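Consider the two complexes below, in which subunit A is the common component and subunit B and subunit C are the respective partners.
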Partner chain A sequence: MTRDDPSAASPLLSVRDLTTRFYTDAGVVSAVDGISYDLAAGDTLGIVGESGSGKSVSVRSIVGLIEEPGRIDAGTVHWKGTDLVGASDRDLRAIRGAEIGMVFQNAQAAFDPTYTVGEQLIEAVRAHRDLSKAAAREEAQALLEEVGIPNAAQNLDNYPHEYSGGMAQRAMIAMALAGEPELLIADEPTTGLDVSIQAQIIELFRRLVEEREMALILISHDLGVVSQVCERFLVMYAGRIAERGSREQLLTDPKHPYTQLFLESIPDVDTVDDLASIPGTPPNLLEPPSGCRFHPRCPKADRGLCDVDPPPEIDFEAGHAASCYVYTDDYDGPAEDVPTPEADR
Partner chain B sequence: MATDTTTRPAVRRARRFLARFRKNRLAVIGATVLGLFLVVAIFAPQIAPYDYAATNVPERLEGPSATHPFGTDQYGRDIFSRVVYGARIAFQVAVATPLVAMLVGVPVGLLSGYFGGRVDDVLMRLMDSIFAFPSILLGLTLVAIFGQSLTNIIIALGIVFIPQFARITRGSALSVSKEAHVKAARSMGASHARILAFHVLPFCMSAILVQASIVAALAIILEASLSFLGVGVPPPRPSWGAILRVGKGFVSSGQWWYSVFPGLAIVFSVLGFNLLGDGLRDILDPRTGPNQ
Partner chain C sequence: MSEQRHRVEPLTMGRGQPLLAVRDLKKYYPVTSGILGRHVGDVKAVDGVSFDLYEGETLAVVGESGCGKSSMAETVIGLRDTTDGEVYFRGEDITDHLDSDVRRDVQMIFQDPFSTLNERMTVGRIVAEPLVIHGEHRTDREAYVRELLDTVGLDADQYYNAFPHELSGGQRQRVGIARALALNPDLLIADEPSSALDVSIQAQILELLEDLQDEFGLTYLIITHDMSVVRQVADRVAVMYLGKIVELGEVGTVFDDPQHPYTEALLSSIPRVTTQPGEDDRITLEGSPPDPSNPPTGCNFHPRCHLKAECSPEEQDRCETEEPPLRAIGGDRQVACHWRPRGE
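Showing the complex of A and B:
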């Protein structure tokens, strides 16, 4: 059952068949549908995909932060050997912030506007470590310095709204580091920041991962962002893993048609006038397509095969696998009806 | 040095509040009026020229004069002294009633708004069932059950106002609970209790305080109403409503001062709390930032 990293005897994090559904008034939404992966200590994993592909839900499920009406319906999440699915709130709380730190998009909103950043950092430090107020303040200041905030001592006493977007994101990262986590989960940490700040934050992640020897899960819709930090990738589509592999494997030899189209749709200077896009829209997860969830938009879809059962995961070289029928013997080539934007309506 | 720097944000908050308070005319007027009443209530023995219960039949039903600024009642008791002592009762009711109501209403509202779902349904329907009774009727019934005394009136009125605090708190808690910083606090490993106390309640405080000043005003009116109906603070203690009740019988025979002065006392104290409440609402919104 070792999927990604055969060398890891006992991975830090082992997710198996994780399925999270939301029981909304409109119906059941399968946000995450049976995903599995492993993460060893110090690993850097990037999860990429469009909005609504289940990236965020998949990591929130790990630490039990799924809110009503969501529920983890199946699967296990083993963190250092213990299953976190169904763990008590008390046990999960002891892990959140301490062993697993989290960083979100829009860091400014992640701070309570009624307290200074320093007060909140000190609270976070003292929540996980037994320190005096003065020692916690020193630690908070050291954390701000570590994430590259200038004048850390003064900035401790500033309110979140007095921080710029980039500073707030750095402070949020400092907050996530307060418990000295072994795994940092960053959910779209650079979204909403301008490009030069994005690059600085990315650089910060790279440095922190190296210096602190912690594992990182970086979620982004932007492959460029993820590829600068992460060694390994998961490509998610409609709640399932489409393809997994190392950075080189995915960037130079993508196997899944979705990954291929995803890579082509990244703008670069030469193609600015003729930007490729994936036809169609992401599927409605209230009524997901049968078979491979990408088949309505897939240029290689084989009707009668791809739209029947979920595709098997095909292994290529070490750690590189894609869930696609194209690489099976049953595949007969694309069907006549080439997908159009209306195909999934 | 370390303690100095860690207390600074709190000091800054207090300074900012005072600066905003001073700039708000409504709040200042309300606070001034209430301040005057408070001084009167505290120093009632020094201010009142007569014992509020001392009868003096020869001087009965005299109009306002230098010796009796508010006139006298049918037993010759000095109405000014009675109104001054009445301020004590009014203020005890105005301060204690919101506190009693908040003690239950705020936790109910916090739990309801934060957890939502079934917890919310059960708690809010419970509050609705209290709300369903007209407040006078409920107050009347509760006083009848508990027995007539100042403490019992405060408890009864406190129960009457529980749903108001529960609803106000719930509304704020509901919207704050959806905000990113609450979710972030969860992801940092904070417990529900901690989040409610430190990251949800502060956002509800402005609404709660405004509500408290409004309830204080309503409590004065309701206590006066209960006294007017004869189930208020037992005589001879001079509740404004009780003076009004007896005084109304003398309005048609020309002794207007008997009921006008306690009436004015009710009007101004209620106005003071309402003005203060309106002012506080403008001042206390944590999201309006420091430059407002």
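Showing the complex of A and C:
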């Protein structure tokens, strides 16, 4: 199996065979099923996938944010050499917000409405650094300025509800930066924002990654957003990594049939194109399909092969790999009854 | 109440009678203050919108949150009272009094199929509900509903007796569309019909809407924030900013050669799927849309406008004091900017 960029000497983050399941009343949900990847200092990794692909659960597993009835059942997550799976809550809390900063979709909800943004930001700064209140306030103001909030001094004393959606998102990014993280994890950070505000936040991520030389994991259903910021991609489908590679490799030469169809289904604002739709619906992860989890929707599925065992990961160029039987000698072409986009409409 | 039909003067010469005509529509929400509820101002959600919608076409109304596009649609369909202005359907004034016949002809599809479907009803009952409401007693109701399910791409045998929670998002949207089709309408108003869906499923729903238009000759008014969706499905587009239409025209020409600086910036802001980020010359819209209860003077857009920097102080003064009217600039194209079209 490839481990992404082979030149990365000792990775900052190294995830191996990570498996997270949810033990619900209805049964066991196989949300993340044996994913592995590495991240070097300063890397920008985009995790792309549709709802239920496991992209959020996979990063929440890294930082120990999986709650009951969820459980990490297998695998390791090495952060600078230490395995975070099974680490104590105290150790995880110390890493979260300090070495690893996190930003989520709904910024307003991430703040306590009863305290000013400044109070919360000052607390975050002091949690990680031994500063006087006055020095922490200065630092908090500098953080708000860094993320592009105008009149930072006054805005420190405003409550979260007084912030617009875009401002709140910037403020949450400032919170995540308070511990001077080496890795920033952003989960759908621009979803729900207007396109003009979204463009501003994308610009901000680009600047922060460059200026702070920190690594970034950006999770989004929107490939446009990810491609604007990240150099390496993971494409997830139904809890597994379908394909990995550089931005260039995945966008110009996608190998996995899911990646290919996913790219073709994205509407282009610059031309009218024939949108491909992926037949069927994403699988129910209470009872995931056997073999390759994409096989029931795949136009290239070879019955008797793709529906038996999980596919091997096939390497292409450096860092580019796809988990698909199409590139193996056993593959005999699609079965007669494979779904086509036309048949399903 | 005058119900007589008369000719509505179309906005564009030579295009004939529109199916839906909206004239200077206004929807204000009063802002009150204190325990006495004193009226201290208005949020001008829709502030003088006019457009025509022709039979068989798809008009998209696009804009960011708070631009008034949803309020406009809800006022047109009679879910909200108008503050001022008129709405005509087939030449009949239906402003604030949609009668039962028109109500059948105009149906609505919502963004979130999850919240609009009654969780305790089966799919079959949900789709049949409009027939019940309108007192249409057909003996073949079940067969008709099954046919509708088939039309929207749902296997009737599998889903007729299913409950909404058993369906995926895309399947629920299909049920919403089947229900909207039950009364055989002429006009479908769709408010963000694909925004809650994953992109691969979104493509399925957009395709379905196009197929249905071809099959039944439907007319669509689509409300969306998603410019990519507009490009794929609409014939014409109206761009709204702060309660007003700032640009209107055929989709291809508006998108390829936007005239209003807001349209230009909006199109430029969309994050394209790219292998070379940061190399495009983007126009970044600074700041957030202003508060609609206290809109800027003159042109609504002037505080965020990138054209303003190129204007002389006298020209800037005009932007700040004089509201630019939406005016025809050839063909079906309209724009509300003092300085556009270019080179005028």
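Simple rule for what comes next: the second predicted complex is superposed on the first by the 331 of 345 C-alpha atoms of A that agree within 3 Å, B and C clash if a C-alpha of one lies under 4 Å from a C-alpha of the other, contacts with A are read in each partner's own complex, and residues count from 1 in each chain.
In the analysis below, a contact is a pair of C-beta atoms (placed from the backbone, for glycine too) under 8 Å apart; a residue touches a chain by one contact, two chains touch by 3 or more.
Fair warning: this is a prediction, and the values are worked out from it, not measured in the lab.
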Is the arrangement of subunit B and subunit C around the shared subunit A a clash or a fit after superposition? fit
Rounding to a multiple of 10°, what is the angle at subunit A's Cα centre between the Cα centres of subunit B and subunit C in the superposition? 80
Just subunit B (first), just subunit C (second), both, or neither: which does A:19 touch? neither
Taking the superposition on A as described, I'd like to know which of subunit B and subunit C A:76 touches: first, second, both or neither. neither
Check the residue A:124 against both partner chains and state whether it touches subunit B (first), subunit C (second), both, or neither. first
Counting only touches as set out at the top, which of subunit B and subunit C does A:260 meet: first, second, both, neither? neither
Does the superposition put A:94 against subunit B (first), subunit C (second), both, or neither? first
Which holds for A:157: it touches subunit B only (first), subunit C only (second), both, or neither? first
Which of the two partners, first being subunit B and second being subunit C, lies in contact with A:222: first, second, both, or neither? second
For A:109, using the defined touch cut-off, is the partner it touches subunit B, subunit C, both, or neither? Pick first, second, both or neither. first
Distance in angstrom between the closest Cα atoms of subunit C and subunit B, superposition on A: 9
Overlap of the subunit B and subunit C interfaces on subunit A comprises residues none
Residue ranges of subunit B in contact with subunit A within the complex: 2-3, 5-6, 8-9, 116-117, 179-181, 183-192, 198-199, 202-203, 286-287, 289-290
Note: in the complex, subunit C contacts subunit A through residues 64-65, 153, 168-171, 198-204, 206-208, 211, 225-229, 231-232, 252, 255, 265-267, 269-275, 277-278, 282, 284-286, 288-289
Subunit A residues touching subunit C - in the complex, by the definition given at the top: 50-51, 164-167, 194-200, 202-203, 206, 221-225, 227-229, 247-248, 251-252, 261-263, 265-273, 275-278, 281-282, 344-345
Where on subunit A is subunit B touching in the complex? 63, 65, 68, 89, 93-98, 101-102, 104, 106, 109-116, 118-119, 122-124, 127-128, 133-134, 137, 157, 159, 161, 172, 175-176, 178-179
